[in-house]
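Both complexes below contain chain A, partnered by chain B and then by chain C.
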Partner chain A sequence: MSINSAFHSQRKWNIGFILFLTLLLVLLSQISIRLTLITALGISLGFVLQKSRFCLVSALRDPILIGMTQLTRAFLLLLGISILGFALVSWGASQRNIPLSLNVFPMGVHTVVGGLLFGIGMVLAGGCSTGIIIRIGEGFAMQMLAFFGLAVGSVLGERSLKSWRYTFGEWPGIFLPDIFGWVPTLILEIIVLLTLWQLARWWQKKQLGE
Partner chain B sequence: MKKTLQTIIHGPWAYWIGAIILGLLNILVLIVRRQPWGVTWNIEIWAEWIGTNLGVLSDRGFTFEGLMAASGTYLNLGLLLGAFWATLVASQVRFRPIRDKKFFFSALIGGLLMGYGARIAYGCNVGALLNGIASSSLTGWIFAFAVFLGTWLGSKLLLKYLM
Partner chain C sequence: MTRFSIDIWGEMCPIPLIKAKQKLSSMQCGDILVLETEHSCTSRGIVVWAKANRYIIEEKEVANGIWHLELTKTHD
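For the complex of A and B:
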C-alpha cells in the first residue's frame, strides 16, 4: 500500500473527526437513544466494511474473473453467523412477545429479474448499494455518480413494480421454518453453506492450482 | 504488537475477521431496530422526497420529519461516516476522480440498473440477499442465485467493454 507523503499525516483531521462523531452521538442521544445506537452501529459497519475490504461484488465476481474465492468463503461465513444469530434473536423475541419483523419478502418474476439487473448493475458501477456508500466515503467520484443512478433507478423501480406484479403475479414469501420447522431449516441451510464453501475452495484450486 | 496495531489502523483486515465482526453487528442491528439492516429502501424514500420538492415526482407522502425519524437514514449516514473515518485513521483521505470517460457511463448505467433491480426485488445485497437468507426466507436464496447470474453477465460486459 502506498501512502502519498503529502497526505501522510491526517492525524489532526482524525482527532477533529472523532470529536465531531462524539458530538453527533451525544446530541443525538438527547433526542433518541435508539437512533444513537443505530448510528453507532452504522458507523461500525462502515468502518469494518472499509477496513476488511468486504464487498459482495468482489465475492461474486472474483471467482469468475480471477478465480479467487477467499472473500466468497468469508461471505458464506457471514451468512452462517447471520442465519444462526437471526434464529436466536427471533426465538428470544417470541419468548418475550417482542414484535420483530424478518425480511421474508413476496416473490415473483420480478425477484429474478431484479436480481439479474442488480447483479449486472453492481459490476458496472463497481459496488453494490452498500459498497457504493463505502466508496463515496473513501472519496471515489465514480460511485458518487453511481449513487445518483441508484437513487433514480430505485424511484423508477417503485413506479414499475405494480405492472410487474400485475403482469406476472406475485406469491407470498416462504418462511422456511414454517415448512420444515426451525431445526431442520437451520441444518439444511448450514449444509448448503458448507457445500458452497467446499465448492468455492475446489474452484479456486482448479483455477489457480493452489 | 506494533505491527498488529499498524494493521488494525491501516488495514486491510483479513476477510474472515471482517465476516465475524460484520455478522455480530448485523445481529445487533436486528436487536436494536427489530428489523434487519437494509440500505436501498431508505435511499429511495429520500429520492422520493427530494423529487417531490423539486416538483418532478408525484407526492408519496414522505415528510422531512418522517425521514429524520427513519432508522434507515441513520444506518446509511453511519455507513458513510464510518467508511470515511476508516479512511481517515489511515491518513488515506483524498478525492479520487474518474480516470476514464467510459467509467462515467458505466457508473451511471450500473447505478440505474441496480436501483431499479433492488426496488422491484424489495432489496439490495444487504436487505434482500444477506438478510433475506439470514431470515430463512426462500426469496432470499432465489434472489441470491439471480444476483450471481447477473454478476456473471456483468463480468462478461466488463471484460468486453471496460477492461
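For the complex of A and C:
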C-alpha cells in the first residue's frame, strides 16, 4: 500500500516536469528552431542515459574488480554502433562534398597520462562525465563535488593542452580508411571488437568459474 | 535461515558490492542478505552480479529512487 502511494505522490511531479519542459520548448521555438531541436535532443539523450543505467566506470572497472563483463560488452556494442554511424556520416559527407570538422587529434604520451588521471578520478568519484551529471540530476550531493573537480580539470586540461603536446610530441595521425579504404577498415574494426567481445566473455567465465 | 542486512545507504559504486561480498562470505547457505540503496546503478550492478553468480535475488523499487534487494545465498 505504501509502495503505491510513494509512486502516486511522484505522479504530479512527473506531470509538472513534462508540462514545464513542453512550455520551455514552445518558448524556445519562438526564438530559434535550432535551439529548440538541440534542447529537445539534449533532454532525450539525458532521459535515455539515465534510464539505461549505463555506466562507463562500471564497464571498465568491474572486469578487474569483480570479474563481470556485461557492461564491458555493452560498451563494445556501443563502440560498434558508433563506428558504423561514424562511417555512414563520413561517407555521406564525402559523397556530397560537405567538409567535416572533427575534434580528433593524434595520440601521444599525454593521451596516456590524461587517460590514467581520468580513470583514477572516475573510479574514485563513481562516475564518468555523463555519469556525474546524471547522478547530480538524481540528487547525489557528493557528485556535485565531483562535477566541480571535472569542471576544474577540464579547464586546466584545455588551457595546458598545447604545452603537453609540445613537451611530449605526438605520433603521426593515422586515418585507416585513407590507407585501406572504407569497407576493409570497417571489417577490420568489427573483427577487433568481436575478438574483444569473446575475450570479455572468456574472462567472466574464468573469473566466476562457470 | 537468518536474515542479515548491511548499511550501504549513500555509498557509491563499487563499495556496496564489495561490502555485500564480504558479508556474504561470512553467511551460511540459505541465509538472506537485505540491502537498501538509493543508487540505481548500485542496485542494477548487484542484481546482475548476483544473477551471474547464480544467487537468488529479488529487486523491488519501494519508492521512487529507492531499491530494496533481497539476496539469498544458495551456494558457497
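Rule of thumb we're sticking to: the second predicted complex is superposed on the first by the 195 of 210 C-alpha atoms of A that agree within 3 Å, B and C clash if a C-alpha of one lies under 4 Å from a C-alpha of the other, contacts with A are read in each partner's own complex, and residues count from 1 in each chain.
Going forward, contacts are C-beta pairs under 8 Å (C-beta built on N, C-alpha and C of every residue); 3 or more make two chains touch, one makes a residue touch a chain.
This one's a predicted model, so the numbers in the text were calculated from it and none came from an experiment.
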Notebook entry, point to check: Is A:Gln10 touching the first partner chain B, the second partner chain C, both, or neither of them?
Noted result: both
Margin query: Taking the superposition on A as described, I'd like to know which of chain B and chain C A:Leu208 touches: first, second, both or neither.
Written below: second
Item checked: Most chain A residues touched (candidates chain B, chain C) -> B
Notebook entry, point to check: In the superposed arrangement, does A:Leu65 touch chain B (first), chain C (second), both or neither?
Noted result: both
Note to self: Is A:Met122 touching anything from chain B or chain C once the two structures are fitted on A? First, second, both or neither.
What the structure shows: first
Check: Which partner does A:Met142 reach: the first (chain B), the second (chain C), both, or neither?
Finding: both
Note to self: Quick check for you: in the superposed arrangement, does A:Arg53 touch first (chain B), second (chain C), both or neither?
What the structure shows: both
Next item on the list: Once the structures are superposed on A, label A:Gly173 by its partner contacts, choosing first (chain B), second (chain C), both or neither.
Entry: first
Item checked: Those residues of chain A which chain B touches in one complex and chain C touches in the other -> 3, 7, 10, 50, 53, 57, 61, 65, 70, 125-126, 135, 138-140, 142
Item checked: For the chain C and chain A complex, residues of the former touching the latter -> 12-14, 17-18, 21, 39-41, 44-45, 48-49, 52-53, 60, 62-65
Item checked: Sites on chain B touched by chain A in the complex -> 8, 10-41, 43-44, 46-48, 51, 57, 69, 71, 74-98, 103-104, 106-140, 142-155, 157-159, 162
Checklist line | Parts of chain A lying in touch with chain C, wherever the complex brings them together | finding: 2-3, 6-7, 10, 50, 53, 55, 57-58, 61-62, 65-66, 68, 70, 125-126, 131, 135, 138-140, 142, 204, 208
Checklist line | In the complex with chain B, residue positions of chain A that touch it | finding: 1, 3-4, 7-11, 13-14, 17-18, 21, 28, 34-35, 37-54, 56-57, 60-61, 64-65, 70-71, 73-75, 77-83, 85-89, 93, 98-107, 110-126, 128-130, 132-143, 145-158, 160-161, 164, 173-177, 185-186, 189
